Amino acid sequence: MINVKYFDFHLKGKKPDSDLALINEAKRLGYHGVSIFYSNEQYNLALENFNKIINDETSPTHLKSFKIDDFSITPGIIIQGKNPHHLQKQIRSLRNKTNILMVDGGDLKINRAACENVKVDILSRPYYKRRDCGINHVLSREAAKNNVAIELCFNDLLKSRNSLRSKIIAHFRDIIKLQRKFHFPLLITSGARTIYDLRTPQDIMALYRCLGLNKEEILMAISVSPSFILDYNQQRKDMVVDGVKIIDEK
Amino acid sequence: MSRGRRPKWMIELGKERIDILFNLAEKEFSQHPERSHRYVKLARNISTKYNIKMSMEWRRRFCKSCYKFLKPGKNSKIRLSNGKVHFKCLECGKLMRLPYIKEKKQKRRNKIESYLVKKRVNE
Amino acid sequence: MKLKILPPTLRGDKRYLAFEAISQIQLPRDDLIFMIWESCLKFHGECETSKFRLWVTRSWDLNSNNSKKDYFHLKGILQCNRGDEEKVRGALCLINNYKGKKLVFHTLGLAGTIKSATQKFIKPSP
Amino acid sequence: MITPHNIFQHELIGLTVEIVESSHQGLEGIKGKVVDETRNTICLERPDGKEIVVAKSTSLFHFRIPEGLVVEIDGKVLVSRPEDRIKKKFRKI
């Protein structure tokens, strides 16, 4: 595999120093890019201290993604909406603050509102606290149309045991079956809080292979769709409409 | 399907597009006449779909029956006769008559005003 | 708000497994469920059992008339994924005790619908 | 006025355009002035006067607006009759 870049897209950010430990650990394990998710309030705080550490105040603060020798770190915001209307309001206000926007799934109305919204990047864990997998053919068609990625979180497997874990694996299988039919972007992430939740990309690929995913699909989920999300969001500010983009004239 | 009134920005956009099309037709007529006929057809489509009246200067520049672009002297004849302007399209021979009473009245008013001004100046 | 169910082409296809359980203690529904899941998990592990889509549909209590006997008789229907019936049957017959009490599971048969499962194995209509 | 925000609804005839990507390799890199437009095609006039008819849905265009800004438009966005493009609805990004 020539220059396949592995991305771990969902790390939970808490305190600045623990985030840094997470990032260094991810770098050591062989990931090429990482994105850390904060709630709305902590996001600005995190942005500043990233700036202090990496660019030591030289670059302007509005920079949203950072690079240490081609290891890309992009902080993002995770949204918990109480109802669709509240969710829409939050999305509208937070869209141009970050590069990546993730909606925490679980409630049916939230899942649907997130899938139908072009501005949302990732719908994380639609099966959270649910007996079914949270999405059906209607939502997955919308997710494919609006390019909303559905995220399978490794942390859920880690923390659960016995029948709960096998139920979550069953939800994974349903989502994979829907993904094969409707081709919405799939995302495999670790959702790590501490360095003990992180696994190397090869281990995660091996684990997901026995869930029924073949090699190409896993590569799509770990390296292609994350990098697509990053590039797409880079151009998002000068995208007028879905297919139209302003290029600074030569 | 109820046509209804189009929103304002659509009508503005339509007007701009019609102006662009007719200006291009004007420029292109000498080398490529068939292109300017095509532009007139496009402009007509826009004006009919969005219910936009073309401005006065452009309404006289195309034939009402064969929708060809008319350039005075090249494929159209313009004459004045008994109070009307005659546009004759040489492509299909259609004669379009337009009264110009407003212009006549305007001319009379200007003449009266110029006399009044002269009289006041003499006193 | 409920999600619209999947179209038939995407909906997994099911098989119904009629079983009877003879045990020394009364078996409510959730104990039944716990036992079946436990045995499958121990025997096949989490990854396999996630394929089976197990679901205990109904269970009937058949010891109203012979209360003097020392065992409880129970019949029920278990829904599982088509193609994995053998694995589920294998796991079912490995159950032997629950909370120290003896217990045995026999699978009476397989059927494609709940109705045919009940008629054929549970309540043979005269 | 033609701005990047309403160029796809505005008149394309008269703008200079360059085909950046296209499923037909021969068309890539061609520059020209848009001369005619139909539902699925754009007719380009090359600087040397030759006219080329290009399909809209299979290529990516770089339109140069009069004020000099360059806008990249995917052909699929433009696929509709010229007069219908004004009222076509688009998803805001």
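In this document, chain identifiers A, B, C and D correspond to the written order of the chains, with residue numbering beginning at 1 in each.
One rule holds in what follows: a residue touches a chain if its C-beta (ideal position, glycine included) is under 8 Å from a C-beta of that chain, and two chains touch if they have at least 3 such contacts.
None of these values were measured; they are calculated from a predicted model.
Under the touch definition stated at the top, subunit B and subunit D share no contacting partner at all.
Set against the Cα centre of subunit A, the chain with the most distant centre is B.
Centres computed as Cα averages put subunit A at a distance of 39 Å from subunit C. Each chain gets one centre point, the mean of its Cα atoms, and the points for subunit C and subunit D are 64 Å apart.
Rounded to whole angstrom, the centroid-to-centroid distance between subunit B and subunit C, based on C-alpha atoms, equals 85 Å. Inter-chain spacing, taken between the CA centroids of subunit A and subunit D, is 35 Å. Multi-chain contact residues of subunit C (touching two or more other chains) are absent. The touch graph of these protein chains is an open line. According to the touch criterion at the top of this document, the contacting chain pairs are A-C, A-D, B-D.
Of all residues in subunit A, only 108-109, 132, 134-139, 162-163, 165-170, 172-173, 177-178, 181, 210-211 touch subunit C in the complex they form.
By the touch criterion given at the top, residues 4-5, 7-8, 62, 64, 68-74, 76-77, 90-93 of subunit D touch subunit A in their complex.
Interface residues of subunit C, counted against subunit A in their complex, comprise 1-7, 10, 37-38, 41, 46-47, 49-51, 53.
Across the complex, subunit D meets subunit B through its residues 1, 6, 9-11, 13-14, 35-37, 81-84, 86-87.
Across the complex, subunit A meets subunit D through its residues 118-119, 146, 236, 239-250.
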